[in-house]
């Protein structure tokens, strides 16, 4: 399956992401999930970015938190809300908000 | 004549937020979904408990005694009574040092035929593929 | 064009989950899709009328009314609302209230479902 | 005997934080202490009257009224309530509404303060 | 200071407990915090129990979750809500709900 | 003539729950607390940001542009304007690879004299000892 996974937290209390193994996965960072796209703790980028997936981060949620959209990790594509709609309808079949 | 299959994945423990319980009450509501649909059409909801979500299935929950609240255990029994498929991740049950004896597995006292299935994660993963939509709680 | 059913259960005013659900609905409608929005649990808070707009709090009554005018269907879980004392009298005009089966029925004809659960 | 000021901010119906705050108030009053209970954020949900008692949801209107009769002072943050559309008309009798300074003032004479924040 | 710390979650998203170093600390496990008193993951008790503190778990919150109050870790004392009141007033000066 | 000292400890990031913002608005409310108290009595609230809480202090937050919401940054400035003491844990700022340049440090544009103090955790710990009551957000 083609699964779009929404991550809305920085500190996650579930390990679901480690278990999911769809044929194609997109990880859409929204709300506090966008910290994964920019923060490095002790110099190390978020381990979430090691997953085999396409990564997206919502521009407005980055900027709401004072994070510079031009400084996200190179694996992450910065997108707008309209792009989220297109990803849901065109690129993936199912969604998971974890 | 079509069926939409929903997969409810409960990944969090009970009593922190309402969500695990709402997963069960929403699944139970499939019983009356047909009033909104055309003859022959239906929606089903199967439930899988994974990760800390398996803690919802611990038996002997006393939520009614202490909080005046229907326990998650009771809701699992009601779901069995209306023939909802329920799967519990075996690896997670074992990780917590729990055995099947610790879990609510049936609702025999209400006359339910269905039982809770403790299965390897791989089986839950396969079910997820078969669903039309996934809802994570 | 497709149909998107969004369910929003986790709903702290401050978590911005409801804000996200409303903004995503707007973006989908903008692109010509149909959207059903279902609120359950504390999400039913969104159904109350006369929310006073303060800059310190999310204020969604206005954008929601605009979206309803553009065709958004928004429904609150009746039991979840009543349990909180959100009675029919204090419900925003145009906001539907149904039992939980409404949400499930909405997914029948949906091309995509986004269920915002969380904590 | 002492005075305990409890603040409850994190307040999902399902988290049982509000239930905890009400039960702790009851236990403290039972032992002869004085209790002030402050609700802010989503905790203001507790102030609404006519919450319908269902067994599937926490129902705190009844125990709260009993505690108020025994001397519990309970106050909701007025701005937090108004922002959610919890107007004076739908507020439970005996439930006070004040601005945030009330909570701070309550701590002045408190022997102990328990602030239930969380997420 | 003498600090009573309330822990109400099993998966914690803050590391505050690791930083606190009061002269005397009591950790009161309530709500989902009570899982720390009974669950062993892969045979290991919760690392929270390694802190230098007195431990308490609220009986009604254990039993609400189907946990047997007689089977809590030997470091943990099972208490009732009235005991929580006494701990707050008699044994500690300040509280922290983290 | 007495002062009750409250210590507000913000340990979580902004915009997940309202709590970090409510910590600031409640602290600001000390300005009007005296209407409830006897002449000469007062309550103060000092704020410390620790752990992920330091992310509240990131500057250039655009919450008003995108969500129509006063940003946590603005609330920090308002707190400075009414002379609230604010400490930010230095070790946590550094752990995230942030520098003082990334943080809101003053509210000069509003004429505030107070500034945010980036200090070692040990100093925050010492302040906690001095407070009458602690409130964790």
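Note that the chains are named A, B, C, D, E and F in the order they appear, and that numbering of residues resets to 1 at the start of each chain.
Keep in mind that, in the parts below, a residue touches a chain if its C-beta (ideal position, glycine included) is under 8 Å from a C-beta of that chain, and two chains touch if they have at least 3 such contacts.
Worth saying up front: this structure is predicted, and the values here are computed from it rather than measured.
Q: Hop across touching chains from subunit C and tell me the fewest hops that reach subunit E.
A: 2
Q: Among all chains, whose Cα centre is located farthest from the one for subunit C?
A: Farthest from subunit C by mean C-alpha position: E.
Q: Taking each chain's centre as the mean of its C-alpha atoms, give the chain farthest from subunit D.
A: A
Q: So what's the Cα centroid distance for subunit B and subunit D, whole Å?
A: Centre separation, subunit B to subunit D: 33 Å.
Q: Taking each chain's centre as the mean position of its Cα atoms, how many Å separate subunit D from subunit F?
A: Centre separation, subunit D to subunit F: 25 Å.
Q: What whole-number Å value describes the gap between the mean CA coordinates of subunit A and subunit D?
A: So the centre of subunit A lies 38 Å away from the centre of subunit D.
Q: Averaging over Cα atoms per chain, report the distance between subunit A and subunit B in Å.
A: Each chain reduced to its C-alpha mean, subunit A and subunit B end up 28 Å apart.
Q: Identify all positions of subunit D at which a residue touches two or more other chains, and write them in rising order.
A: 12-16, 41-42, 56-57, 59, 80, 112-113, 115, 117-119
Q: Counting only residues that touch at least 2 other chains, which ones in subunit B make the list?
A: 12, 15-19, 22, 25, 52, 67, 132-134, 136
Q: Residues of subunit A that touch two or more other chains: which are they?
A: In subunit A, the residues touching two or more other chains are 9, 11, 13-14, 31, 94-95, 97-98.
Q: Spell out all pairs of chains that touch, sorted by label.
A: Those chain pairs satisfying the definition are A-B, A-C, A-E, A-F, B-C, B-D, B-E, C-D, C-F, D-E, D-F, E-F.
Q: Can you name the residues of subunit A that touch subunit B in the complex?
A: On the subunit A side, the touching residues are 1, 3, 13-16, 19, 21, 94-98.
Q: Name, in rising order, each residue of subunit B that touches subunit E in their complex.
A: These residues of subunit B touch subunit E: 13-16, 52, 55, 58-63, 65-67, 71, 73, 95-97, 102.
Q: Subunit A touches which residues of subunit E in the complex?
A: Per the touch definition, subunit E meets subunit A at residues 9, 11, 13-14.
Q: Looking at the complex, which residues from subunit F come into contact with subunit D?
A: Interface residues on subunit F, with respect to subunit D: 2, 4, 6, 12, 16-19, 22-23, 25-26, 28-33, 35-37, 41, 43, 45, 132-137.
Q: Where on subunit E does subunit D make contact in their complex?
A: Result: residues 6, 8-9, 13, 30-31, 81-82, 84-86, 88-89, 94-95, 97-98 of subunit E touch subunit D.
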